[in-house]
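This report concerns only the one structure given below.
Chain lettering (A, B, C and D) follows the sequence in which the chains are written, and residue indices restart at 1 in each chain.
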Amino acid sequence: MDFTFDEDALLFQETVRDFLGNECTPEHVRARWDVGAAHDPALWNRLAELGIPGLLVPEAHGGLGLDERTSVLLFEEFGRAALPEPVIATVAAGAPALREIGGALADEWLPKLAAGEAIVAVGHEASPFVSDADVADLLLLPVDDAIHAVRPADCELVFEPSNDPSRRLFSVGFDPGATPRAAVAEGARAVAGDLLVRGSLAAAAELLGATDRMIELSAEYTGQRHQFGKPIGSFQAVKHQLADCKVKLEYARPVVHRAAHSVATAHPDRALHVSMAKVAAGDAATFTARRALQVHGAIGYTWEQDLHLWMRRAWSLEQAYGKSARHRQNVESWILAEDARLGPGATFRAA
Amino acid sequence: MDFTFDEDALLFQETVRDFLGNECTPEHVRARWDVGAAHDPALWNRLAELGIPGLLVPEAHGGLGLDERTSVLLFEEFGRAALPEPVIATVAAGAPALREIGGALADEWLPKLAAGEAIVAVGHEASPFVSDADVADLLLLPVDDAIHAVRPADCELVFEPSNDPSRRLFSVGFDPGATPRAAVAEGARAVAGDLLVRGSLAAAAELLGATDRMIELSAEYTGQRHQFGKPIGSFQAVKHQLADCKVKLEYARPVVHRAAHSVATAHPDRALHVSMAKVAAGDAATFTARRALQVHGAIGYTWEQDLHLWMRRAWSLEQAYGKSARHRQNVESWILAEDARLGPGATFRAA
Amino acid sequence: MDLRYTAEQDAFRAEARAWLEANVPKEPLPSFDTKEGFEAHRAFEKELHAGGWAMVPWPVAYGGRGANLLEWLIFEEEYYRAGAPGRVNQNGIFLLGPTIMEFGTDEQKARFLPKMAASEEVWAQGWSEPNAGSDMANIQATAVRVRDGDGDHYVINGQKTWASRGAYAHWLFGMFRTDPESERHRGLSFILVPLDAPGITVRPIEKLNGKAAFAEVFFDDARVPAEHLLGCEGKGWNVAMATAGFERGLMLRSPARFQRTAARLVELYRRNEAECAPGLRERVADCWMRAEAYTLETYRTVSRLLAGGKIGAEASLNKIFWSELDMEMHELALEILGVRGELLPRAPSATGVEDWLDGYIFALSGPIYAGTNEIQRNVIAERLLGMPR
Amino acid sequence: MDLRYTAEQDAFRAEARAWLEANVPKEPLPSFDTKEGFEAHRAFEKELHAGGWAMVPWPVAYGGRGANLLEWLIFEEEYYRAGAPGRVNQNGIFLLGPTIMEFGTDEQKARFLPKMAASEEVWAQGWSEPNAGSDMANIQATAVRVRDGDGDHYVINGQKTWASRGAYAHWLFGMFRTDPESERHRGLSFILVPLDAPGITVRPIEKLNGKAAFAEVFFDDARVPAEHLLGCEGKGWNVAMATAGFERGLMLRSPARFQRTAARLVELYRRNEAECAPGLRERVADCWMRAEAYTLETYRTVSRLLAGGKIGAEASLNKIFWSELDMEMHELALEILGVRGELLPRAPSATGVEDWLDGYIFALSGPIYAGTNEIQRNVIAERLLGMPR
């Protein structure tokens, strides 16, 4: 029993944090918004140099062969930087799904994905939309018992603009009976389930990073902003709002980390653990978005101030890969089942 | 359209407030607790001198012949004083029920009730228990379509101690087929319904008074108690908790007052309006009980300090005549009905 | 206490309803935070004025209808019931208008009120400065009185910010420091400023939805005739406090607005109930009850005012109550909309999302503007509960 | 990261479970806030000690088991799983014991720890004074060092209050002002006081449920041998801060307690679901998730400590999290119980109400004691977020 991360994982996190601190600045994010795009091929190439796209791709396919016990830390950094790249779909959800489908599809696409040469977008039952379908090279679309691998060019894509310009949603016109398909994986219900679970986990990790950043920005701003002759951060009304955010964040974090462990080790309850993580991180982030705005006051309400880059991420990631309400219902069903094992000692037990 | 109270009603309220300030002190309440009783016949007699028992009894039966547009203000005072007398059952619910049943039962009991010589306890569908059945002279027990008037001595009464020693609950062993009855009013479902509505309204009004008193006690105490060299009431963390209580109180008050008007004028939506009142007042009171305790700190947590006299009233009145959850469900059903009239302009319209 | 409308009040309502049904645009106007929308709203305000409905509670002499506050409540109910456009002129109707009536000279009343009523002149607020937000007494923009060949003027320098309607308005009202030696609340004056005067630069600020809800206004030796001083020189704080009271209190946030939102919320829930988590039902009911409570409290206050009462620090209770309610109603609506809650209305799949997202973003500003809710809680504790400063 | 128990940890759990199954009383003991219950709990503590389970994480030399913190967590899980009695000795095990191990002399360790482990001596806390609650540095009780014919002593005067376990305990630990010229945090000393010494009067205080949870303690020239000073004279604040860290943090509120409450809450909901408002379901799930989060965070912290980390201001996060969770779980349970929620357990109709009402009243004190949650929020803001004082 050891809840600490490996040194290597922590070191990788630090590297990515430094990298994004330089490369994915608020100016970068705004520049992407201004051109009406989120994905930046140049930045993606540099992420590929760090091995990010192939994080979870087996070494045999050119990836780093790591698991969620490392990637969860990096997704926290993606959230902290409000990185507008399709990392959840391609890196966290798509690559493992291809790995699990295996065969020729995996052999063809995993090396390209790991090399940063292919972007994968994914569908799942928690949303009618597919993010970043327009910049993807391959779509993985679960229908009933099968996962269909389709080229975006063979589908009709309809842009569905979201409140978060970093989130590029599309309705995908796809007819299993008519649309040409690159491949079809039959009997892939479990793979499709895991795809959603993995996407939720990555979204939860990004939510942690976004929350942390909003708290940081708010503590900084309120430490500088003076009213009534002192920094507003010295007023309890401001302090206590941010303290509450910090409590929520620090009690969401271990839930997300445990979920990462469960996914990495194929724990039979991983879907439950990820639902708990998504709820905890989503609640922390939306709670914090509101308080961060409140303590910023009017300045936080402007387009110019950077705070809303993270507020929008908080709102849209709460939506992504299943809203809190959906995940909470998973938890409700689980704990109310006749044979649920609850209580002291049950936390780390297999089902 | 006039939402102000009559001068007479306001004057009566002031009189009762002064009276109870002298007669129903915390010491009085504690003394009743110590003897294991709530009702004090001596105090009841003095209340009768003010006309309280017969507030809603027609003048023809020896009462004051007032309506809820006066009594709602007095019940607020009963709550402010944490009065442990059976006023809700006898004065607010029992007397109007007898009046509506009419006939010999009313002719016999209303004059006694108005003179302070009879106490009435009531049953209703929102609770399996009957308050103060042991000190009552008559029980009104609705069963199916009838209201049974029964003498307590003819029933088996089992004491069910509550967290609030001022609240004396009893299970009443009553069998319509076997227990001797003073009278039976058949076809009295509507009367039984109004009995519960009137009890809920009075409980809501008492909750307002208890809330007001808890806020007052808390503002007083925190203004005196010094920590870190200043009164703790000067800290925002304390101020803002009490400010939130005050907001809840002041937005519950008009809801209760409107409900009183609806009951007094037999508005077709009076049950809805009373449910809204009970929810608003119950939420304000339980919310305030928690914050009042928190700002008092450890001293509030002792038996010696008076705060808990009102905290217990808040908790037990929230239970009385239908918990908030029950009343909230009434509101839900009403607003979600196909033909509900909602929106601007609908507030004062009859159904 | 009698909570029934009189026959006169019913007739007034019927008259308002009939006019509104005939005149309210069938399609929503574009946002008044765009130039096009600003003018469209202004055109509708002119129609309102022509119909005699622009300034319902104002005296007839200034272009109003001379109605009492209860009639005003009834009008507002009908206005929101009809889904009529937001009032681009609200700074005039609800804030500056009543302030001028209380503090203005006869000349000022005659000069400003009728044009305000007719929406010939639309007003921006100029309260805040970069260092005077919650701390409204920390105003640094100066107005120096100069009597020279051009007459008696104030020469204004400094900066205002968060001027609502500032991007397109014609005039701005605000406080300026006329006594350079003064501090805090003293030495401030309330001045009415034409935004087209030389030396004034308006820079629109985009709010969270990317629209120009407000503006920064820069003053560089801008000259304003001294007769545009409202109230006494150096006593601007008193004038402003009256205006702020109007803002927090009764006039600006009429209950009908929240009742309409609450009714739409119930409707939205009804349409989407099957997909909602079971707990949403009681949250919807709770919001509806709070909107009713706000209505009832407003009727109670109006009755009290009509009986000769005054409104004071209670306005701070209002501010907290409506701003939190509004935010929660919109939050809940987005929750009900589920995955479609994040779509912009122009998204092809956004059928039925209405304007809840934009409304949410607007609602988020409620606890901030017109004095943050933190400031209001201080006021409640200190002035209503008597707690120590 | 490896979140699986080792074979050794599983074996440890099995051993603890077996012992507890054999030894935990089948019927609940009376409340330790009564004299009878105090002695019954003390008798059970002695059994625990005899079985080697009294002070699991303490060194063997002092009567402990020498287990590491992870094993301690496992033991606690089994302890709560077994429904074993509350620890009347908790002030010793979790607070004073670790403090003496850190600051005590070898003589003090030998004198106090074994008797504490064996529950021969039960300890009360003596932090608060009438004017030193949240403001813990405002201590006024004095201890004057006197060397005379009777030896080297402190002569203590003043008053302590809210001394938990104070009504029946044998000893009290607390801070006293040894430097009469000093102010605030300086000049305080941490002294161990036998409550049977002449000049000491203990007055039990009844808490909200009418039981004597704590006491006032009056000191009137009470003499305490100088060797009962813990740590350096005048440095009591540092000692106390370490103790307070233990109190807020890891040791006292083991996650198993909240997991057990959460599991009972789920069970209660399952039994009463038919009568519950639909929204309660998600609140129950939410509470259960928070209890799990508290468990996970504790395992994370223990892993960090075992790897050589330290615990600091994070303890304030704990305090807020568990105290609010505990209160909400009990509130929710009473909500589920509906009209029976207000009944005392001895009421004839109180079947199935268990001890939720008493638990609620206990839980209400959580946000107050061990440093109010308001104080903890200040600590979080200032020390974890770097916000200005």
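Heads up, the rule we're going with is that a contact is a pair of C-beta atoms (placed from the backbone, for glycine too) under 8 Å apart; a residue touches a chain by one contact, two chains touch by 3 or more.
Note that the structure is a prediction, hence the values are computed from the model and not measured.
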A student comparing A-D to B-D should find more C-beta pairs in contact for A-D
As a test of understanding: of all chains, whose mean C-alpha position lies farthest from that of subunit D? C
Subunit B to subunit C, mean C-alpha position gap in Å, rounds to 40
Separation of subunit C from subunit D, taking each centre as the mean of its C-alpha atoms, in whole Å: 53
In subunit B, residues with contacts to at least two other chains: 235-238, 240, 328-329
Can you list the residues of subunit C that touch 2 or more other chains? 277, 281-282, 374, 377
Touching residues on subunit B, where the partner in the complex is subunit A: 235-237, 240
Along subunit B, where are the residues that touch subunit C in the complex? 1-6, 69, 215, 219, 222-223, 230-231, 233-234, 236, 238-240, 242-244, 246-247, 250-255, 257-258, 261-262, 265, 276, 279-280, 328-329, 331-332, 335-336, 340, 342-348
List the residues on subunit D that touch subunit C in their complex, please. 277-279, 281-283
Going by the contact rule at the top, pick out the subunit B residues touching subunit D in the complex. 126-129, 158-164, 167, 169, 171, 226-228, 232, 235, 237-238, 290, 293-294, 297-298, 301-304, 308, 311, 315-316, 319, 323, 325, 328-329
Mind listing the subunit C positions that touch subunit B in their complex? 1-6, 9, 13, 70, 74, 76-78, 80-81, 255-256, 259-260, 262-263, 266, 269-270, 273, 281-282, 284-286, 288-290, 292-297, 299-300, 302-304, 306-307, 314, 317, 320-321, 374, 376-378, 380-382, 384-389
